[in-house]
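There are two complexes below, and they share subunit A, which is joined by subunit B in the first and by subunit C in the second.
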Partner chain A sequence: MRREIPLFLTFLFGTFFVSMNFLQGDRLREATGGFLPDQINDWMSIIISFTYVLGVGNVLRIHVKKVARRENGWGYSAATLAGLAAMMIYGLILWIPLGIAFDGQPASVEPGREWMTGMQTGSVFNWFYDAVYTPMQSTMYALLAFFISSAAFRAFRVRSFQAALLAVTALLLIVGGVPLGETVWSGFPELTSWVMEILQTAGKRAILIGAALGAISTGVKIILGVEKSYLGGRA
Partner chain B sequence: MNGRVSGREGWIRRLEQVDRRVIFVLMGLAIILPLYTGWSLQQTPTKPVQDFHAALETLPPGTKIFIADDWDPGSKAELETAAVAVLTHCFRRGLRVIDATQWGTGAIIVNDTLERVARSMGKTYGEDYVYLGFKEGREVVMQAAAENLRGVYPRDYRGTPVAKLPILEGIGSLRDVALLVSVSAGYPGTKEWVQQVQRRFNVPMIAICNGVSEPEYQPYYNSGQLRGLVGGLANIAVYERLIGAEGFGTRAMVAQSSGHYMLAALILAGNLFFALSRRRTLLAVAIAVAGGGFFLWTIVRILAGP
Partner chain C sequence: MTAPPRWAVGIFDLKLPVLVALVLFTALVLLLIFVAKRRPNMYIRPLAGITAIEEAIGRATEMGRPVLYVPGIDDVNNIQTIYSMVILEHVAKKVAQYGTPLIVPTCRAFVTPMAEETVKQGFTNAGSPELWHDGIVRYMSDEQFAFTAATNGIILRERPAATLLMGSFYAESLMLAETGFMAGSIQVAGTANIHQLPFFVVACDYTLIGEEFFAATAYLSREPSLLGTIKAQDGFKAMILAFLMAGLFVETLAWLGVPVPAAADGIHTVLYDWLRF
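== the complex of A and B ==
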């Protein structure tokens, strides 16, 4: 039964979501008194939210172990745990006693205690987000420009005819896709549009259709219980 | 003679294996220095950008639209600029904006951006715009919002019941909005909105996205599922100019252009040194003539002015 029940639930809900793609929700809602699809969608949201709990548990397990054993790079793990704790304390735990139940009104907070107000303006949580998270994220993204340029110089080599085609197309889009390209040659916008709308779309469509067929095949196998590796163990 | 040859080869090898920090400095200078020149570059709008602009421009004032702001600080440079431009366009035209995000890490920055633009244009919360915030569930939330928006978002980001917000009167689901605007940094984003909402419920949709996502969404524009598409900072700058609100996108174009040209120069230089070190003279000459000629022509055009 440890395998049969999950397989049955997978079949039931897999079939439901596939059939929902072809049914009108309003008619279904009327016929089932609102149970379908609203309740099922709520269940899904709750289950997905619980994956965050699992995620936090996993992060704690891995990094606590690393810190406890003083493994290589344990300082970074300690910083991760401190960040996690700080955001949870200011974003969630301190916020609860201030009154999450609004009784139909926006939250009212005593003057001078805005710093405790979860994700609202003026809170410590927001300060961490604006002053730490936002610049770090933007920095990580900006670093790509430097790593891409280094990689382009070292690895983008014309070693074959196919590589030459790739290099020429890439160079066309790199120099023609920015406003300076149009200043240099007025034909660049038309050329880059043609590459994007014709050449690129043809390839992308093939990939999308191939990926969709693969997803359908895998989905059918999972719904019918042919593919069971997601259950873990000896499937 | 042998010594001279090996000396030349040694130089080529050294250039081919140049310290990556030299490349970082070159790229950094190519991006930073143009910001101080005060130059302005303009680009002709492409059809997808014109269509995006037209989709918002043709809606009558007072029309309610849904903006899916699916981005976070990682793509701030491109998509905060995009969100500001879209919101400015909507508010100027008197459109009423229902905003939400599928990105948990973007909930605060999206709220801040919406509030900043709305306040600067004197808009009233709850009447002219509302922010529904973040709800976990990705495709499930998209599909559920298309069926029953109030069921998915019983309260807005501030905790106010949506039933008390005038802007949501008459809006039971996403099928009741005139247009779905996706501001997308990746997954979940434009592709999922097309698959879950646009196609199934026939909701008109346009998208504005970061440059790396544009190729992914182009087929949806070509098929007509997206009525307009703006991809990347260069096109966002064009859109800013179309609505007459030139902002960060426009200012960043000189830096982005020179960054792109530096990248092209690095690719050509890498291949030139590669060809010389492998004694592929014909390839080296072709790269030197084509690349050198192009960059010479670029300098001539820049000096000649627009």
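== the complex of A and C ==
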């Protein structure tokens, strides 16, 4: 029964969501005053929020052990734990009186709402997010440009016929995409569009058809219980 | 006779072409699973990327360095993440057979317990459940770039000999793959997110493209029922190709001004109108 019940539930919910594709959700919602898929999605959100407890447990288990044993790189683990603790304390426990909000803006204080919750604009929690996390995220994203350059450098080394084709196409697209290309030859932008809209789209769609069939077949395998290894035990 | 209830009127949106295609494909899958069970030695073309997974694990074993497995950054409601868990189980089993360290960074809290159970099961299937410890599956962050920075940190500090990137990836794909390249890892990637495929093709040693990613466990386990689904995919693809070719042929004739037989044109029009969903 340890495997049969999950398999039955997978079949039930899988077929339910597939069949929902063939029903008019809006009309059902209007007619019945509710819509089961919406409710199931709400259940899923609730389950997901519980898994954050497991996630935090995982972080604590790994990093506390590392700090306690002074393993290699324990300083990073200490920083992780400090970040986790700070965000949790300011988000959940330590609310700030509205009068001393970090943005310095005078706030109209409604009776009963004298304290600022962790998520409100101007809170310490949001300040950490906006002033610390967001710039770091932007920095990471900006690094992508350098990664693209180094990857492109390797990809465009002409070692074979295919690599030569790739390099020539890339060069065409680069030249066709900047004003200089159009100045050199007025047909460049049109050529670029043709490569993108015809050659590239054709290849992309071929991959997309294969990937979609793979995804559908995986879905069918899972719903019908042919693929069971994700439940544990032998496939 | 009483009228049907108001809510029952017009609630169906059959999307007939999709429904017919789905039923046909499911039938083909079931039929070929049945056939594959009777003929277990069914031929499927070899995929270099799948063989490379085992080679990569072997290389990590020889070098005494860990294998890094990244199951993408999407949640478990993405079919790629579920399938990545299936591949992870095979990887965990193989890694346990060789006694090679494994690291699985996760980007979703929901994926973390799933990955833990999957790795434990893989170790158990290999007969070495004692290899499990807390440091294998590491929940990093639900935030995309925080996860990327943390995983890149692992790659640079622990220098895995093999990096397997299997699942749904977005902008972080190239960052992870390039960092792995810099660390000297042999890298095998697999995803169905077509916009990330060029990055993986450029930066990784092997890439499982789209459907190849979903075929991985059939190749790794050689389970007849799974091989049958690969054949079904191929069969259905052949059908799609035949439709495309027929349409292309009739369309080209019309474009050239060649008179098309009424029957062919009629079929073409019907198919075109019907399939334009």
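Heads up, the rule we're going with is that the second predicted complex is superposed on the first by the 177 of 235 C-alpha atoms of A that agree within 3 Å, B and C clash if a C-alpha of one lies under 4 Å from a C-alpha of the other, contacts with A are read in each partner's own complex, and residues count from 1 in each chain.
One rule holds for everything that comes next: contacts are C-beta pairs under 8 Å (C-beta built on N, C-alpha and C of every residue); 3 or more make two chains touch, one makes a residue touch a chain.
The structure displayed is predicted, hence computed values, not measured ones.
Between subunit B (first) and subunit C (second), which, if any, makes contact with A:Met44: first, second, both or neither?
The answer is both, since A:Met44 touches subunit B and subunit C.
Taking the superposition as given, does A:Leu208 touch the first partner, subunit B, the second, subunit C, both, or neither?
In the superposed model, A:Leu208 contacts both subunit B and subunit C.
May I ask you to decide whether A:Tyr52 touches subunit B, subunit C, both, or neither, giving the answer as first, second, both or neither?
both
Could you tell me if A:Val175 is touching subunit B, subunit C, both of them or neither one (first, second, both, neither)?
It touches subunit B, and subunit C stays clear.
Can A:Ile148 be said to touch subunit B (first), subunit C (second), both, or neither?
Both partners, subunit B and subunit C.
Taking the superposition as given, does A:Gln162 touch the first partner, subunit B, the second, subunit C, both, or neither?
Neither partner.
Examine A:Ile216 and indicate which partner it touches, taking first as subunit B and second as subunit C; both and neither are also allowed.
It touches subunit C, and subunit B stays clear.
With the two complexes superposed on chain A, say which partner A:Thr183 touches: subunit B (first), subunit C (second), both, or neither.
first
After the superposition on A, what does A:Met140 contact: first (subunit B), second (subunit C), both or neither?
both
Between subunit B and subunit C, which residues of subunit A are contacted by each of them?
On subunit A, the overlap between the subunit B and subunit C contacts is residues 21, 44, 48, 52, 133, 137, 140-141, 148, 150, 152, 154, 204, 208.
State the interface residues of subunit C toward subunit A in the complex, per the touch definition above.
Per the touch definition, subunit C meets subunit A at residues 6-7, 10-15, 18-19, 22, 25-26, 29-30, 33, 75, 77, 79-80, 82-83, 85-86, 89-90, 109-110, 112-114, 116-118, 120-121, 125, 134-135, 137-139, 142-146, 148-149, 153, 157, 171, 174-175, 177-178, 192, 194, 197, 199, 202-203, 209-215, 217, 221, 223, 225-226, 229, 232-233, 236-237, 240.
Hey, which residues of subunit B end up touching subunit A in the complex?
For this pair, the touching residues of subunit B are 18, 20, 23-24, 26-28, 31, 41-44, 46-47, 72-77, 105, 107-109, 112, 135-138, 140-141, 143-144, 147-148, 151-152, 155, 158-161, 164, 200, 214-216, 218-219, 222, 232, 234, 237, 253-254, 256-264, 266-271, 274-275, 283, 294, 297-298, 301-302, 306.
Provide the residue numbers of subunit A that touch subunit C in the complex, in ascending order.
18, 21-24, 27-28, 31-32, 44, 47-48, 51-52, 54-56, 58-59, 61-62, 65, 72-73, 76, 133, 136-137, 140-141, 143-144, 147-148, 150-152, 154-155, 204, 207-211, 213-222, 224, 226-227, 229-230, 232-235
Touching residues of subunit A toward subunit B in the complex: what are they?
Per the touch definition, subunit A meets subunit B at residues 20-21, 25-26, 29, 37-38, 41-42, 44-45, 48-49, 52, 102, 104-107, 119-120, 126, 129-130, 133-135, 137-138, 140-142, 145-146, 148-150, 152-154, 156-158, 167, 170-171, 174-175, 177-185, 189, 193, 196-197, 200-201, 204-205, 208.
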